[in-house]
Amino acid sequence: MRKRFNSLTLGADALLFGVAGTPLRRNGVLIGGGKVLPEIKFTLPPMSIEDTPAMEIEAMYREIVTAVCERAVHLGQQSVVVEFELLPPMTVDPPMGESITSLIAGILAEFRTSHGLQSLLRITPVDIREQNKPPQRRRGRETELLLESFRRCARAGADLLSIESTGGKEVTDQAIMAADVRGILFGTVVLGCADMEFLWEKIVRVARETGTVPAGDTACGIGNTAMVLADQGYIPRVFAAVVRAVTAVRSLVAYEVGAAGPGKDCGYENAILKAITGLPMSMEGKSAACAHLSPVGNIAGCYADLWSNESVQNIKLLAGMAPVVSMEQLVYDCRLMNVAAGRGEGRRLRDWFSESDAGLDPQAFILSPRAVEALARAIVSEQDDYRRGVAVAVKAVDLLREGLSKQHLLLSEREQEWLTRIEHTVSELPSDSMGFIAEERPKWKDHVNYGEYGIPDDV
Amino acid sequence: MRKRFNSLTLGADALLFGVAGTPLRRNGVLIGGGKVLPEIKFTLPPMSIEDTPAMEIEAMYREIVTAVCERAVHLGQQSVVVEFELLPPMTVDPPMGESITSLIAGILAEFRTSHGLQSLLRITPVDIREQNKPPQRRRGRETELLLESFRRCARAGADLLSIESTGGKEVTDQAIMAADVRGILFGTVVLGCADMEFLWEKIVRVARETGTVPAGDTACGIGNTAMVLADQGYIPRVFAAVVRAVTAVRSLVAYEVGAAGPGKDCGYENAILKAITGLPMSMEGKSAACAHLSPVGNIAGCYADLWSNESVQNIKLLAGMAPVVSMEQLVYDCRLMNVAAGRGEGRRLRDWFSESDAGLDPQAFILSPRAVEALARAIVSEQDDYRRGVAVAVKAVDLLREGLSKQHLLLSEREQEWLTRIEHTVSELPSDSMGFIAEERPKWKDHVNYGEYGIPDDV
Amino acid sequence: MDRYAEIAQHVQNGYSERARKAVEAALAEGCPAERVLKEGLIAGMEVVAAKFKSGQMFLPEVLAVAGAMKAGMELVKPLLVAARHEPLGKVVLGTVRGDMHDIGKNLVAIMLQGAGFDVVDLGTDVRVEKFIDAIEREHPDVVGMSALLTTTMVHMKTVIEALKQRDLRAHVKVIVGGAPISKNFASEIGADGYARDAATAVDVVKELLNSR
Amino acid sequence: MDRYAEIAQHVQNGYSERARKAVEAALAEGCPAERVLKEGLIAGMEVVAAKFKSGQMFLPEVLAVAGAMKAGMELVKPLLVAARHEPLGKVVLGTVRGDMHDIGKNLVAIMLQGAGFDVVDLGTDVRVEKFIDAIEREHPDVVGMSALLTTTMVHMKTVIEALKQRDLRAHVKVIVGGAPISKNFASEIGADGYARDAATAVDVVKELLNSR
């Protein structure tokens, strides 16, 4: 059952790293209760999972998790969150993911006993439902395996259940390349939200059955694809900023069907979701530069209850293995935030984070606390997903226009032209979702299996 | 001619990142004039220089420097410092180092013209004088080649001349492993200072002849060896803290014979040297975790006029090549410091940096602004290098003792035992250097060629 | 302005309808199809590709241009085929086994098509056999492989080894790319080229074909 | 407490003079040199090495213990040689060509000696030929190479290749270590073991020798 938010939980003044409206307490770890904690992530070095004995793969995970926990202990860090992001073969083969989960949970338990290191384990199966073209989002073996993966990992010792679900991506991949706002809305809030509702009801059920926490999702495949392409100069940054705003409508669905946070690190839309839901969020910024460059290295810190490195291969840097280096950087970042908060000056540091980035890039600009509040309000002002999408897109464009005219935001001439173009497009969007869907659906019929979104093939 | 400091330039209140007593202005770059700038460093990936054609090596440097500059431009960074740290074969063969320097200087010039990126190039030949055992510090071909390397790189477009000189290391390597404070003093302030005087007079002369800046040195081979061994749990942290304090006496010599800053990044003693000399300093902390882990990830930022990543191999991370990732992290760190400073709140951020680390490790503790001022005062209260060494060691021990008793500093029981032991040792040091040298010299005669330090083989 | 320049200009502007009409007119006037292609369509696209590469143009703008080029191509292609004109080159593309990442490869396909190459896109999760089959069937000049995971990039080597085993390696150049891939890795596994992004992929392919 | 335990205790405490005296007494009483070595000196050192490895002891304390052990060894060694006692094993160590970094290798030497191994330290900047000569001359069970630079670590492979060429590879185990070295690199170049730090180097050597 989906319960739609119609008001904000946290306004701009209340939005702060380490502080959620509804903190999460589990296993001795408190998230959003005043302190920011590191969330450490990692992936395997170049190797073939198919051609490597399971024992060797497990040894690699043992090595990584042991090393990062050792470093955390060494630095006096008392609580950490570890994410195990399942690779495709580990999701397709649920017992494989289960066995690695159990291994990691075991190591974390050891560190709890022997060193007093409190920890939670987040598991993130990969969304294997796209393996077919067009993707089969509901029927078919992949959906079954995906849920089985959640179930097994949950029973094997996971605490937090997450996914980077890809519903709607078959449309947004194209729409991003074409800077097509309508396509973004169709893929993200029409298809994406429908898929989120379907998928997250199932994940919430697994969590209930297994006593774990349905944590949250991210529109990574949409928002971060746009961000990375904008960073490479392929698409306008103002467009990527609007895409980010729209993704919040999609990711929000998880919380409306029962997810409890912390939201998944790579969803920068988490800032907006934190304002709406008050739930704790994981964020990533400069110390996730190993995984991707970004224009929001500092400003992302404003909202972090967990502070993440997103992903790094287990390869050797001069100081040690890369995940250990990440752990060190995260711990120092967290210490700084926690010192400021401890002196009652968290909001001051938050404002510096914001000022650091907001004027230089539209994607950062819409993540300033004031902008976040405005975007969140736009979303909760509507109940229908499509109308939320339109409202937040319009608001994002308005904010950018205002920032530009007040000279709070620097934009190149080309970016300004695109802002005008997008402004024009959003102003002409139909107010009613049925009309919009009728217009868009035929355009994407070769890429989308509408039945898999619960949408009839023809109206 | 060495001109000894006998007073402080900057007290605890005046010590701040981005602000030097005597800023350095060159080529459109201002260091220590209010803003912290990134200093980016890199090394080659695993490869044999001997077996790789010069063209390929140069292509690699071209790729690295181009990529980091592109990222800086992309992020709107206006000034950067790039360090080219010569590898041994590039120092032994001065034309090789010269030609890479010229290549890098050329790329920087291009970026200045085409993108308005202001930059300075620091070159750091490696101290090849240790190639003999015992090292030949004055006579011999290596000293000649080293100076030739400085000369050629300076003429090829370098701006800042630096070195991580190793005078005294033949003693301190042993002394560190044995946690032998007397050996540390002998190697660092007796041998080390003598060597610094010899070497830096020559480097300052090269700088004068070539119109470049004699920037500074670091007792990396002493202070950071101790820090890394302490981090691995091999030697007591309190001992490493005392070693760090003592290294300031050695590194100071460069500035007393004419070096003008910015001091070399990996010298954490730079904090003390900034207080004494007022010259700009490069520092490294959490964003140098790629190169080495440390207990001073935030606190090092208190004093940074340049903020460095120390070293990273040119290998692929998910986001891009590792030096590019470092550039991004440095830029965001600098932005935060500069935003705070721009609001007139730099000192507040500085104090948070300090509070973040100072209580958790004695090496961080002695880098808090108040401790730094006290250590600096201890040094300038004496003129003789040995007496300075004793004074600063005594002061470091006093500070740690005070921190412990006031519960500002956490120390394990084993560390406390060692603090007592070291306290005892420093309290029994002879006040006069002649006596001390007479006692120590025979112990190290197999490892040191005293003639190479201008010390007679027997008294 | 001559016909060819006119076509090139319409392509550059991304005007599909005008480009189509100008091509139609040129062909009607007896302009050789090959010159229409090279001096008109491709010339126009080349300007755009250069602007894109140097960051003066966005991808959606390039896509519009590609559309204009395609409109012209539809008229020219049958004539070229009839005249047995050799195409600029053919490229087979795919994301390797176990990897569902699509968008980087698609960008490369767009840029290559814009530059006048024939592109055969095998999609994602492409197994060794499928690469081999396509190479045997299509006789491409270049095969391009993409991987976004550290755990799938290793399959690139498998494909190259398979090419060697079937004596196909000498007949096709191999280029690779994707987030975890470096120049170094490319040469380690014996690829001929490394494309750090879609914009440079065209240059890499051109260089490889020129060096034959 | 028996004689052996007494010796072990003095070694553990780092009391050189007492250790020497206890060994002297034991030998005078007719205790076999081999048991004095194994159950006294090495047993004492093993306790210390374990404490060091688990972070309960500092290196300077270990050095004092190593001194006590050495004092005892000086008395025991001639007897062992006379009895043609096989030593625990011999290790040749060196930092590779072009690399002056000393201290990591020295730490390994100290730990190995403490554990009862014969150690031949070739120093720093050790060229291939010097490694080969030493291996031919000393017949070590293990050769250990250290590198601290990305541009010198590659020489480790050169040494291993040279060993193969001279048919020496089967006769000696190879371990490697140093800041830029990973387990992965070690196995890539064909080393038998990787020591991530001095404290674990002894374990690695012991394992290799047990697996022979």
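By letter and in written order, the chains are A, B, C and D; residue numbering begins at 1 in each of them.
Operating definition for what follows: a contact is a pair of C-beta atoms (placed from the backbone, for glycine too) under 8 Å apart; a residue touches a chain by one contact, two chains touch by 3 or more.
Only a predicted model underlies this, so the values are computations on that prediction, with no experimental measurement involved.
Note on connectivity: the fewest chain-to-chain touch steps from subunit B to subunit C number 1.
If you average the Cα atoms of subunit A and of subunit C, the two centres end up 33 Å apart. We define each chain's centre as the mean of its Cα atoms; on that basis subunit A and subunit B are separated by 40 Å.
Mean C-alpha position of subunit C lies 59 Å from that of subunit D.
For subunit A, the set of residues touching two or more other chains reads 43, 45, 313, 315, 318-319. Multi-chain contact residues, meaning those touching two or more other chains, occur in subunit D at positions 150, 180, 185. With chains as nodes and touching pairs as edges, the resulting graph is of another kind, matching none of line, ring, star or complete.
Pairwise chain contacts present here: A-B, A-C, A-D, B-C, B-D [touch as defined]. Chain contact summary for the complex, subunit A toward subunit C: residues 43-51, 87-89, 130-131, 133, 173, 176-180, 225, 229, 232-236, 313, 414, 418.
On the subunit B side of its complex with subunit C, the touching residues are 45, 63, 315-316, 318-319, 321.
For subunit B in complex with subunit A, the residues that touch the partner chain are 43, 71, 74-76, 231, 285-287, 289-293, 295, 297-298, 311-313, 315, 317-320, 322, 324-325, 328-329, 331-333, 335-336, 339-340, 343, 345, 348-349, 352-353, 355-357, 360, 410.
The touching residues of subunit D, counted against subunit B in their complex, run 55-56, 58-60, 63, 98-100, 102-103, 106-107, 110, 123-125, 149-151, 153-155, 158, 180, 185, 197-198. Only residues 150, 179-185 of subunit D touch subunit A when the two sit together in their complex.
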